[in-house]
């Protein structure tokens, strides 16, 4: 097979095509003709270890997915600038009418690390990471200078704080606030421990993250 | 199992955990301790039918993934505003030192549709989709008013034009241009036919998209 | 065997005669005595890779076939000049009373290429190709100057546009328009991908070309 | 399989695809990438019983084929009008540089019949067949009024006369005359007896048509 793809992707595509069952092929055809109707939007991180489709074992058509560095949601800013994540939110809520939005964070997040330990010099003169992570300025100082916590504790704490902050920012979007008040959309948070692949889900009342029980431990 | 997740995600997570082999668990542990070292960054669309991990059959750790509406790359704009996609690019190129960047488009893209058929009214007062898709203004008019093409042909044409436009924008980032000139990074384009799941890869010389040969034809 | 034919045609004829079954001989005899009654007329291209009889696996007597450069149908012009394609149409519709007319285009068409990239000088002083392809003047400009599309994309787009244009020209023939309105004839378009031999058929409602499903996917 | 094709063509396409060997698929791919290089052009009739590809058992890429009513070649007329057959000739000789041109007639030709027995009224007000067959005016009178020949003899005679007339017209094209004089192209005539499928080839010296010996009678 001759493609212009990186070798590992060409090989992966070949495996994908070869492994598909007729039912899966049929599902693609249906999804193409009927359009996508995902019930859930996931805001995840670019990190290579945190694909929502893997962690939630989803099939094509199940989840609408934004991925940016550190799975951040900016506040509602109808300022005429372009906003990648807000555009995706607008599409998911207004056009696709999703019923759930999940902010999915994870351990060992490079973006969160950058927010806590700004490099002496930006990664590039554009300092895009510095500027992007400044979205956490209102909350990063909560743990940033806390010498009583270890570096790993500060990191893990800010990963959770950031998820709650993003959920709060979701509520600055007028329609989301309205739909949530009417019970027509629900907002969720979750955090993946990438060392084990285990998921911790956020209690919407308390904001606490609790490990989703493992099936082999449950019932 | 009680979680605070949408039911279908909770069920999917349970299936993910239950199906993992010891080798897969071990891989997560290694990825957590050694950090991620993906060789490839993928810029994909939020569309629920186009998860790069599915199409390329990748494992955790393989690809660093940005997903935004219509898989767009804005031009290099070190203007002090926050730029989600540029931040991810900066992290991938400067920190992770990826060797490949792939812009992955697809058929039936809602963002491209919006660029070609702007609604009479924006989806929301913020008009985030309208503003975001205006990144294609320099190229959308190339087919937008073409009455000799069908609506689907205009859509399919702009999907490909947009991928080439995003790749051109990648080259406005100084380090990417420099690395590409030195042969240290390569830029790729691909487009997924969601009705069949088939991939078309872009010839870097001509810009043409060619169907990756089907495995049953290859040897 | 001594003939006055090119060697490869003499050899091919010998193979044709040798391979015929008694049933096939009988079919020729019947066709000669009863006359031809094809239900379908095909307007195809002269290109050596696009014989309709091969692609549709037809037998003698099945299809009435005009082949000209780029499978064009001129508009109805009862001007007293001779018109090869219009004469064939008149014969098919008025004398043979075909029920279907199919305009069959294909990828990599040399005539379409000539329409998009007129040579600095005509092929010969008569400039017959230039004049013939000028039948596409009303539509060629639709993509001809589009620098955002690759040369191959412009070619592929015009191949499809030209098929729709020829079908529109078919409707300028009074009897065809009348028969179609009465449901007594139907007009079709199709396009062959010569790299794979796959056929794309035109949706009569939208004008879109869709790949005829592969037999291995059908049931 | 859902297509927008007449049923018999959809079924035939399915059979064509299903029956292809890997070698045949590969041949299509090569033909697409390398372009067509047929050594021979055939000018045949639209008649459904006379596909040159069937009679000469050719493969895709072998012959460049014009088909019009009664396999006529008009004289060289660089008059600025569009000429379908002359355009194809120009392309075959100037661009493809074919080595052979074969005019292929056949028995029971409806066009020849029309030339000999003009209807009281034209088939349609445009009288395209009448005008097209007037290309034979210079020779049709040679047998048209000959009451000593039967109708079938007149038909058969004019079918052969017309082939020689078309070959003479080929020589009015300056480059064809020049190439033939230089030995770089050769012109051929042949006639198919559709009742038996047998071919009669024209002796280039005498103009006589002789039955190509049948293999089962030869050696």
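Going by the order they are written in, the chains are A, B, C and D; count residues from 1 in each one.
What we mean here is this: contacts are C-beta pairs under 8 Å (C-beta built on N, C-alpha and C of every residue); 3 or more make two chains touch, one makes a residue touch a chain.
Treat the numbers as computed from the prediction; the structure is a model and nothing was measured.
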{"item": "Repeat of the C-D interface, chosen from B-C or A-B (over half of contact pairs identical by residue number)", "value": "A-B"}
{"item": "Superposition of chain A upon chain B: rotation angle, C-alpha, nearest 5 degrees", "value": "180"}
{"item": "Classification of the chain B:chain C interface as same or different, half of numbers criterion", "value": "same"}
{"item": "Length of the line joining the C-alpha centres of chain A and chain B, rounded to whole Å", "value": "15"}
{"item": "Length of the line joining the C-alpha centres of chain A and chain C, rounded to whole Å", "value": "52"}
{"item": "Length of the line joining the C-alpha centres of chain A and chain D, rounded to whole Å", "value": "66"}
{"item": "Computed distance of Cα centres, chain C from chain B, in Å", "value": "39"}
{"item": "Where chain C touches two or more other chains at once, by residue number", "value": "196"}
{"item": "Touching residues on chain C, where the partner in the complex is chain D", "value": "1-6, 8-10, 12-20, 24-25, 28-29, 31-33, 35-36, 38-40, 46-51, 53-58, 60-69, 72, 74, 76-78, 80-92, 94-95, 99-100, 102, 107-108, 110-111, 123-129, 131-135, 173-175, 186, 188, 190, 193-199, 201-204, 212-215, 218"}
{"item": "Chain B residues touching chain C - in the complex, by the definition given at the top", "value": "139, 142-143, 146-153, 157, 160-161, 164, 196, 206-208, 211, 216"}
